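Once you scroll down, you'll see the structures, which are given as structure tokens.
One chain, subunit A, links the two complexes that follow: it is found with subunit B in the first and with subunit C in the second.
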Partner chain A sequence: MSGGFTTILRRDLLLAMRRRGELANPLVFFLIVLTLVPLAVSPSPEQLAKIAPGIIWIMALLATLLSIDGLFQSDYRDGSLEQMIISPQPLWLIVLAKVLAHWLVTGLPLTLLSPLLGIMLSLPEAGYWPMVISLLVGTAALSLIGAIGAALTVALRRGGLLLSLVVTPLYMPVLVFGAGSVQRAVDGFSPDGPLLVVGALMALSLLLAPFACSGALKISMHG
Partner chain B sequence: MANWTWFHRLGSPKWFYEKSGRWLRWLVPLTVLVLITGLVWGLAIAPPDAKQGHSVRIFYIHVPSAMLSLAAFYLMASAGAVGLIWRMKLAFVAMKCSAPIGAALTALALITGSIWGKPTWGTYWEWDAKLTSMLILFFLYLGVMALQEAYSDKQAGAKASAVLALVGTVNIPIIYKAADWWNTLHQPATFKFTEESSIDPSLAWPFWIMIVGFYGFFAVVLFLRMRNEILYSERRTQWVRALVKGE
Partner chain C sequence: MTSTPLLQLSDISFERDDRLLFSAVNASVAAGDILQVSGDNGSGKTTLLKVIIGTLAPQSGDCLWRGTPVHQCALEYASELLYIGHQPGIKSTLTPEENLCWLQRLSLAEKSSHTIADALGKVGLVGYEDVPCHSLSAGQQRRVALARLYLSTVKLWILDEPFTAIDRQGVTQLEQCMQQHVSEGGAVILTTHQPLSIDGVKTLHLGAGHSKGEQ
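Moving on to the complex of A and B:
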């Protein structure tokens, strides 16, 4: 059983490595949109510091949302998704491997990049650790929840916009507690409570999302 | 083995069409009566609130529609689950038809809430925890409806949106808690609406009547929509043709 998991994980990571350009896209998007913020709002450090926790979290959310669209797309087009569904491996495990691969190539790099963006938006010093931890755990939850939307819309011709419409409301709790933990730390309180809630949301989505996803994939493939 | 024939009969569109016609004959007048009683009592007879004056009367529309919009989501998700598990056609019809009603009730709750906000908060829109979670509930409804529409295969669309509705059901309590916590983080509550228990009985009675009336209204509209949907999807069957020609 674990053999199938590692095989899919290795395959997806290998495919991602072969498309380096695509791999960097969410990160570049993250950076570009962040540059727009001072241009649109104001370059004053005090103002930027005030909105930095929320803006960084929203950008991470959007970058995940944009990249999750492709999670099942190429497998659907070349027929390997069909093979995965009829294979003796449990589908939820395959889904889990694919989501893990997605997180390793988007969520994790986003998290590692975030301190740089914190500096650019003059995030107060107290916010860095909560930001890194909340993004590390939170982007995993975002990938898991987003995978449900990706599975539901994979067979549709123009699924991209619909995917964001379907998934964004579901992202709201993760965003609230993720950005909230950074905000609390910046305000001088302990960020532990909301950070633990982000962890709980991640655990809950880890538990439920693979099953919802595999059900959704079967519906997408066979109606 | 238990006798499950009643359950399978419930899944037959023809059976539902005939039964619901009979139910509606008494459900419609009853609902109209209850709604009129509640409205007249709430809007004209009940005394105005000591602090908020007459503006409190919008409460009789706002709170029942907010309650119903949430209940409708759960009903929609349960119907979707029944459809997924037992592959019951009628359950998907119920799910599909309750989505727009629920969305409309959520919109009504949002609109009446913001109208109520003008005299009490001084603005039409306040990022209050309840209004915010209502807004997200509205987006969830839009997502379910949009997903349903996007599929060209109606059956697959119904199944997909049933999965989404179920995922949304898990999310709704979390969204409500998150909005609550977020609200205390950013703006400590300075003004709180009266708790249910502290409402004077003279105000509470029309409120309960309105809730019953809204449930009745929901049932009536749901049945009417389901009947339409059934007639359309079964339009090629013998009994619908006979019905159309006969009447």
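Moving on to the complex of A and C:
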């Protein structure tokens, strides 16, 4: 049963390595915007420190949203998705493998890059650990939730806008508690509460998203 | 073995956008059969194949696999099925070898005695194992997908226009491959506009809103 999972995980990582340019897109976007903020808003560390938690989290969200659109798109166009759906392997496991591959090439590097951006936005020291932990767990939740939207809109010609409309409301709680945890730590409180909520959201989406996605993919194929 | 055919289509009809594509399609495919689905462009050949593999649901009618409706034996059916569609699921950035590798691993059927290198040799792609598929010609890409036939050990092959972009010698080879498969107790359902030079091919003709089968 795990054969399908490892096969698709390896395949998607291999595909990602073959398209390194596309792979770097969300990261470059993340980096560019955060470089622009000090130039456009103000270079003063006090002011930047105030908005840093929010800005970093919003950019992580947008970078995920931008890249999740293509999760099933190319597989749908070249018939791979059809092969996955009719294969005897459980579709939810295949979906989970695809989402994991997506997170490994977007969410994880984004998280690893975030301390550097924290320095650029003069994030106070207390915020670093909560930021890394909330992004690590939170981006996984964002990938999982985004996959549902990607599965629902895969058969539409211009699904990008619809995808954002479907997914953004579901992203709100993750954003609120993710950025909230960093903000609380910066303000001198314990970030544990919001961090636990982010963890719970991620657990919930891990539980539901693969099934929702496989259902949505089957519906999309009927269209 | 009982005399139950492998796959039976009973009274299948399909409607899209309030237009009846086909209705009351009846056919049965037993071990050793090749069924050619024919019909004009737009008569629903591909749709019928998608109904058979289960990605499209018919308005009415049933597909029976060894006498059981396919939705009741989905796993068993899926493990005995090989489908190569118009878009055969070949990733253009992967090499032929990598493509065949992932497609083969999705299957639960027992491994064939052929290796991937053997299969690529059979379809005339020796020396192209490590070339990304986007730099192969249309016919060669088609051959990569068709190499799956040599790797498969499943009973039922469903091929949508397998001869597209294949040269004459390739067609002959493919016909031999299908004959070999049915002589070993397999079955093939295919759509093609080309007359097949195989004896005993059953045909199913899809026409405007109706269908008729003939031997």
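As a convention for this text, the second predicted complex is superposed on the first by the 222 of 223 C-alpha atoms of A that agree within 3 Å, B and C clash if a C-alpha of one lies under 4 Å from a C-alpha of the other, contacts with A are read in each partner's own complex, and residues count from 1 in each chain.
In this section, contacts are C-beta pairs under 8 Å (C-beta built on N, C-alpha and C of every residue); 3 or more make two chains touch, one makes a residue touch a chain.
Every value quoted in this text rests on a predicted model; they were computed, and no experiment measured them.
Contact residues on subunit A toward subunit C in their complex (touch as defined above): 3-4, 7-8, 10-11, 14-15, 18-19, 74, 77-89, 218, 221-222. Listing the residues of subunit A that touch subunit B in their complex gives 148, 152-153, 155-156, 159, 162, 165-166, 168-170, 172-173, 176-177, 180, 183-184, 194, 201, 204, 208, 212, 215-216, 219-220, 223.
Within the complex formed with subunit A, the residues of subunit C that make contact are 53-57, 75, 78-79, 81, 83, 85-94, 98, 102-103, 105-108, 132.
Subunit B meets subunit A in the complex at residues 84, 136, 139-140, 142-143, 146-147, 150-151, 153, 155-156, 159-160, 163-164, 166-168, 170-171, 174-175, 177-179, 181-182, 185.
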